[in-house]
Amino acid sequence: MDAHAAQHALAATPAFSSRPEDLAWFILLLPLIASASIAAGVRRSTFLSATLSIGAVVAAFVLSIALFLPFGLGGYVAVPSTFSWIHAGDLNVDLGVAVDRLSVLMLLIVTGVSSLVQIYSTAYLKGDSGYGRYFGSISLFTFAMLGIVLADNLVMMFVFWELVGVSSYLLIGFWFEKPSAADAAKKAFLTNRLGDFGFLLGILMVWSATGSVQFAGIANALALHPAALGSLASIAGLLIFCGAMGKSAQFPLHVWLPDAMEGPTPVSALIHAATMVAAGVYMLCRAYVIFQIPGAWPAPLGFLSGISALDIIAAIGGFTALLAALMAVQQDDIKRILAYSTLSQLGYMVMAVGCGGPAAAMYHLTTHAGFKALLFLGAGAVIHACHHEQNIWRMGGLWRRLPVTFRTFAIGTAALAGLPILTSGFYSKDAILVSALDGGHPVLFGLGVLVAAFTPFYMLRLVIVAFFGPARSDAASHAHEAPAAMTWPLIALAVPSVAVAWLGLGDFLSAHFDPHFHAHEGGGIFGPFNHAPLAAMFGTGALLFGATAAFGVYWGVAKDPLPAQLGCLSRAMRDRFYFDELYEAVFVPLHDMIGRLCGAIDRWVFSGLIIRGVHGSVELFGRGLRLVQTGNLQTYTFLFAAGVAVVVLLATI
Amino acid sequence: MPEFTDLLFYAFAGLTLLCGFLCVANPLSRNPVTSAMFLVLTIISMAGLFVLLHAFFLAAVQVLVYAGAVMVLFLFVIMLLNIKEEERRKMNIAAVGVGAVAVATLAGILVRALWHATPLATTATVEGSTRTLGRILFTRYLLPFEVLSVLLLVAMVGVILLSRKELK
Amino acid sequence: MTPGLHHYLIVSALLFSLGVFGVVSRRSLLVIYMSLELMLNAANLALVAFSQFNNNLDGQVMVFFIITVAAAEVAVGLALIVALYRKRRSAHVEDLTSLKY
Amino acid sequence: MSLSTLLLTPFVGALLLLLVPGNYRVIHRFIALVTTAVTALEALRLFAAFQPGIAGIQFEQSSAWVPAAGFSFHLGVDGLNIGLVLMASLVAFAATCVSWDIERQPKLFYFLLLLMTGGAIGAFVSLDLFFLYFFNELALVPTFLMMGIWGRGENRNYATFQITLYLTLGALIGLSGLALLYSQSGANTLDWVVLKAWLAENPLSAHSQRLILPLLLIGFGTLVGLFPFHSWAAPGYAAAPTATAMMHAGVLKKVGLYILLRVAVPFLPEALHHWMYPLAILALGNILFCGWVALRQRDVLLLLGNSSLAHMGFCFLGLAASGVIGVTGVVLIMVAHGLLAALSFGLAGHLVRATGTADIDRMGGLLKTMPFVGTALIMALLAGCGLPGFANFPGELTVMFGAWKTLPVFVIAAAWGGLLIGGVYMLRAIRDLLHGPVRAELPQGDDAGCWRRVPFLTLLAALIFFGVNPASLVDRITPAAAAVAGVPPVSAPTAGSEPAGHVAVTSSPNHR
Amino acid sequence: MNYSLLSLEILVTLLGVAVLLGDLWIPSSARRLLGYVAATGIGILLTYAVGTAAPPDGTAFGGMFVVDALSNYFKGFFLLSALVVVLLTIGSSESISGYAEYCALILFATVGMLFAASANDFVLMFVALELITVTFFILVSYSRNRSGSLEAGVKYLIMGALASGFMVFGIALIFGSAGTTQFYEIAARQTELGRSPVFLIGLLLTLVGLGFKIAAVPFQMWAPDVYQGAPATTTAFLATGSKAAGFALLLRVAFSAVPDITAHWSRLILGLGVVTLLYGSLCAIPQRSVKRLMGYSSIANAGYLLLGVAAVSLNGSTAVLTYLGGYIFTVLAGFAVIAVVTAQSNSDDVSAFAGLGQRSPLLATGLTVSLVSLAGIPPLAGFFGKFLLLKSIAAHAGSERLYLVALLAACVGVVISLYYYFGVVRAMFWPRTVADLTPIPVDGPTRLALGICLIGVLYLGVFPNALVQGAKQAAAGLVPQTAIAAQPVHAVHH
């Protein structure tokens, strides 16, 4: 039976199939069905499209819980089920799902956040002409994201990887008539593809060395022959990391994420907080086995020996975290602050993977998904209330007028800042700091602490300026609370920001990466302070320092005092350290110049000189040659006689 | 000691070539009539060569048909059209020179090849008499002869067609 | 020296070349046509010579054919030249160049 | 139901068309539509009835044609061409559908279109290489006339002659190669099946192979637009009427590649290996150079034309790589690109007709005014930059995998980078054509109505079907690919001259 | 002696005489009747010639006249060509002065061609060729009211007589060195004769005469002028019958009389072929006169055909014969249209063909099919012949570089020719606005002629088997005594 028919048959089987992988297929296909039917025509009815889309994703969420529970209760091993996709010679690519701790947890995050965001969107986008299209795109996005989560091989992951890229393109460019949105969508997609460029090359290297693209197959092969990749081991790892670099917006491909805020705010919450950007980190964890093998470099890069791919990944992550945090400090647009904060946190996660703590990274990914979605949706509520005003300096005093939003936003801020004990962010951030310490990267640990200090600073700057003090514009003074469809998701997301901490997720994830893992004795909510007091203390200290500084600088001011004090450094931070300008000034013109050069060569050399030249010279030659036919008999007879002489000479020589 | 016939050969050959030359490239006159007259002389001296080669019938035909009929036709046309000398347009010396070179090359090739021509038979016994020729003509060469009759018919029709007045 | 085959042949070859030269160099159609006759005569001479030295009368029959063909050709050719002269009032090759290139 | 019926259908339709007097325009259109629809349905049935997993020829038919010269009329399909036949007939149907705006001499137009269709299908189903060439050339005159009579643009005259002469020269050089194959093989036939059996016993000498392959590559490569013999393509397509551009860019362009797959891969493996690097470099020329040229185009048709050339680079890359995976990938791309090129040119033609211009700078925001065409065009353009979900992606992916084993890393990297360039110009095109504010000065062109959508939906559906489920094609292709590429090329040169990555690859113990 | 071998020639001659005599009794208003008579007569003879009643193989007049597959192959085409040309003249019988003579002359020229096809002796060959040539002197200058026609006639006259002169001299030398003029007898002694410079020069000068007939470089000068100046129907006959007769004789001389020497000269022939085809193609590019263009095209086609001769193989000769078969149909179709259009508009400029696609779809289709077939595009008759030619050249291309070069040159030549052929097609179809859109009437006989040719072109393109079979048989019969070597044999050593 071919795969397509199989998928249809699968979709038709009852949801309560006994096999977890069937359930996973069903979860995957639900949003696709919603998206396809919306595209096919349902989109004309706003109600139907929203219902269909939300229904599908909520159903998927429920099924994800059903899939998750057995793991929570002790776990089972799922057999990947596969359908043939491409089988040619040595290349065997199947469509298969991997159901394990990692993917099931991720399923929960994706379907959960997606459900809430979609519910929120019904109110946020009310009246927009592209309402149906929006839900179609977002369902497509959810489908693609679920595909990444469930993929059991690199190629399938790559397929959905690209699909995520395109669906995010559609969502960012949702208001395509706005040039800035259209440009941002284009930029996001292209930057992502730049990363995918390396990703696929990495896949090819891994495939040719291990003969498989399946995670399980690769793991087996590498377990048998850790040196299978030979001198390309590190390069392959870094190339695969390129994919993560694009999706998770790591330096130097981070430039697209802030621009992507041109999309509708719920989209930002879904894509740029919880799911798409997390995909990179998820992939790193998924393919972690490739990064674990001993590093090796080809001869020309021999000077790098001793440095593994993971070290470089960690360094890039740490650098991104710091860079983004610095940029966030001087942004005025509420969504951009959150965007840079996201960048910073993603850098954190990548750093964790690089330091050998994928579990910590996944942990932070999980908690961050919750509170960052919350923050974005909160920001959306604020923007909605202020009539699409996004500058925090034109807000103020909103805590009174938007009580629900304010409270939930505050919870999110606390979680992001890593308020100890109470919030989930604390635990996950702590896990990262611990892994940096354990992994033997003191410098990165210091960097992490520094970023941990910046985080509360810029978040509290945002909260203080936007929610306290006097209203600085008409819009802010007349703001009123958002409708229930928007506030309830906020409340729902506030819960895990606080509560996830107590579920023991860290141990749950560690068990995935280390089969011999045993939970520490005496865990509980004070666990961090028991096991790695140094990290916990530093983390808490950084929070206190950052928070104090924020209150000190921003409480009660009407205008940002930092530019005056920091001068051009502040300008640089505000202007994102001129990376966009650098790219605009160097790479874009360079590429255009090559294009121009090729265009000129094509036009003047190939079409002109060669084709027209040959054509022209042949025609000219013909015009010249026919002058031999003078019409004069004397010429003819002479040529005839001469011809006879020549032919006879030629023949008798 | 050359025999008389040998001398005759040289005489006729020389005459033939001289008249031929004067026919095609008379330095003194470019009048077609002169050319025609020298052509007649060439033909007649050739008839002499024919006699030396024992082709008596052909020698007679040569004189009768060529000199008597064909050349008269030429002269008749020249007179009819009242063609005078080739008008003294500027002679294209270069063209004639190149032509001469080409023709000389051709002549060189021919002479070089023919110099070594050897007879296939050692003794010459044939006699080009009317009787012997007639026998061959009407046996082995009957078919070309008949084809020639068609050719003559065509020529006749053609000449009539070409020279009659336009009729609409 | 007794004239052999090649003597006759060389006379014939030279006569032939003279004919060609006439065709190439003269501009009056009539003279060109006469030169062509010269070429045919050269062939005749060669044939007769071959006939004699090869002891084979076929050559003489061929001469007979050639003379006939030449007569036919001359008749048609002269008629044509006359017709052309009537039309163009010229029998010069330089005036025959309306068809060219 | 047989291949000969399939092949005859368009010709019968064309004959019928001739019998209808000139002023019954509706009937002309109807006959053409029905003919191509029937052809497409027949091709679909054949495709469904084709047994996957079998290497041999199926639905074989053969009869003597010119026994004196050893030519036979031999039809048959295997994995290499079954997909192409389906693609060709679908594109032909779509091309007929989009020709509704032909006002002038519609009878002649549809006649030529059907002739072209018959030629394309004939080329794909013929197993005698002579007929392959024969049917391919059948499309030459229709192309010339269609471009000349119904073409567009200032450059029409020059472009038409350029495409005609260029393609003929290419075809003739290729034909010379085939003629050499005929005489050098000693088999005295161009029947592929016979030739294959013969050459399996008596392989061509290396000298003969190296003599024939350049002729085939340059000749038939020109038909495909192999760099640097590509400059006919883009201006030609820009000047052609929509249906012609669809048929040519979609279907006829593939014939050259198909011949190369049929002949060069199985019969000239040594020479192909010998020419692998030059061919790979030329393929890169297509991918990168034409990609960059496309980047500069401000005419939507020229852009599509150049991007279509860039895609052909992947086919040449797969050809250079050869091997089962490479050949499979090439066939996949051929099918996919056929559908895609037809779709893109069809949509662009609609756009150009609706707005009255092909200048990208004068368009904008068309997604708003023409939501259907705009959306379909976005899908087409995205498929063009290798987006999964459309059939091009599995093809390009497979070629990459195939090429990885034989070609140096930098080639693969550069080729893959070509898709990135593709992304840049495709996205720019979307941005400038469809996104952004609506241009008020443009005529408010109509979106495709209900029936006008049929051709686009057909092509899109096929593209997505094969994109989601490439196995339906791959399973059919692979056995045939293994049969033609089964001869392993001479083992790679010593490790010293290879890039480091290659050594690691070939020495891998896990290599399956 | 079996005179029935000559039946065809005799009957055509009688038909010609009958037409000439018929003119005396038929009133001038009904002269077209003569055309019908001639056409019907040829038609009957044609069916007789290609049917089963054709005379059996054999020789007459001491081997001077031979009837074999080759002669029968060509005779069919000569009769066909004459038939079509006569049919084309019927429509304009009123405007031709001396219509009966015109028909009769066509028939007499056909007789010459028929003899040429059967000639197995240099004497008969000479006489037959002269019959053709002299007849064409008259036919070319037939439109005496157009000075172009007369000028063409005179040019053809001088050049033709010059070529005859060379040929006669050549035959004289051949006779002198070989002692015989019969092909088979010469073939038996060719090894010995190959060493005789007199014989070789004689052979070359004879070939010059044939080169003139087929318009090969460097003896091609007359062709464009004569094609342009002559009446279109004469040009049609000149381009088909006369040219084919030249090739019939060329093949006989080359492969029946002196196959080994031909093999020795194959590279020279090849070179001449390449130069000829390129010359014809290049010069045709800027032509505006369609008839003149056809003249250059005829030169180019002679070049292709010479390539087949240069292949010196059974395949090569088969290719030449196949090519000629298709070529005759093709060219006749083209001239049928050209004749009608030039008669209509009194001009053969390309502009006279503008909008023909709308003025007369039949004529436009006819000319298009003809030009496309000339260019060698499937599925028309011209393609298969060209393919066989390329194939026969390719057989040597592996071992000899010159043949590979020739192969590629032929490809280039085809492309160039496509350029100017399609230039005419463009004129017929492309113009969107044409001043004169009056339909062009096409009379019945012309329709019939065009129909015959078009069906022939299409049929031979799609089902060439019969033609190839016939050609192969004819080619095989070329060399009864010595087998043709597959490779050029260097038999002649100096």
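Each chain gets a letter, A, B, C, D and E, in the order it is written, and its residues are counted from 1.
Just so we're on the same page, a residue touches a chain if its C-beta (ideal position, glycine included) is under 8 Å from a C-beta of that chain, and two chains touch if they have at least 3 such contacts.
Fair warning: this is a prediction, and the values are worked out from it, not measured in the lab.
Common neighbours of chain C and chain D, by the contact definition above: A, E. Under the contact definition stated at the top, the chains bordering both chain A and chain C are B, E. Chain D has the C-alpha centroid lying closest to the overall centroid of all protein C-alpha atoms shown. The most distant chain from chain A is B, comparing centres defined as mean Cα coordinates.
In terms of C-beta pairs in contact, A-E outnumbers the other of A-E and A-B.
Taking the mean Cα position of each chain as its centre, B sits at the greatest distance from chain D.
Chain B and chain E, compared by their mean Cα positions, are separated by 31 Å.
Between chain A and chain D, the centres computed from C-alpha atoms are 35 Å apart.
Taking each chain's centre as the mean of its C-alpha atoms, chain D lies 41 Å from chain E. Rounded to whole angstrom, the centroid-to-centroid distance between chain C and chain E, based on C-alpha atoms, equals 26 Å. Residues of chain A in contact with two or more other chains: 626, 629, 631, 633-634, 637-638, 641-642, 644, 648, 652. In chain C, the positions touching at least two other chains are 5, 9, 12, 16, 19-20, 23-25, 27, 32-33, 44, 49, 54, 56, 58, 61, 65, 69, 72-73, 76, 80-81, 83, 94, 96, 98-100. Pairs of chains that satisfy the touch definition comprise A-B, A-C, A-D, A-E, B-C, B-E, C-E, D-E.
Per the touch definition, chain A reaches chain B in the complex via residues 634, 638, 641-642, 644-645, 648-649, 652. For chain B in complex with chain C, the touching residues are 2-3, 6, 9-10, 13, 16-17, 20-21, 23-25, 32, 35-36, 39, 42-43, 46, 49-50, 53-55, 57-58, 61-62, 65-66, 69-70, 73-74, 77-78, 80-81, 83, 86-87, 89, 95-96, 99-100, 102-104, 106-107, 110-111, 114-121, 123-126, 128, 132-133, 136-137, 140-141, 144-145, 148, 151-152, 154-156, 158-159, 162-163. Only residues 109-110, 112-114, 116-117, 120, 140-144, 147-148, 150-151, 153-155, 157-158, 161-162, 166-168 of chain B touch chain E when the two sit together in their complex. Here chain C touches chain B in the complex through residues 1-22, 24-28, 30-31, 33-35, 37-38, 41, 44-45, 48-49, 51-58, 60-61, 63-65, 67-76, 78-83, 85, 91-92, 94, going by the rule given at the top.
Looking at the complex, you find that chain C touches chain A at residues 20, 23-25, 27, 32, 93-94, 96-101.
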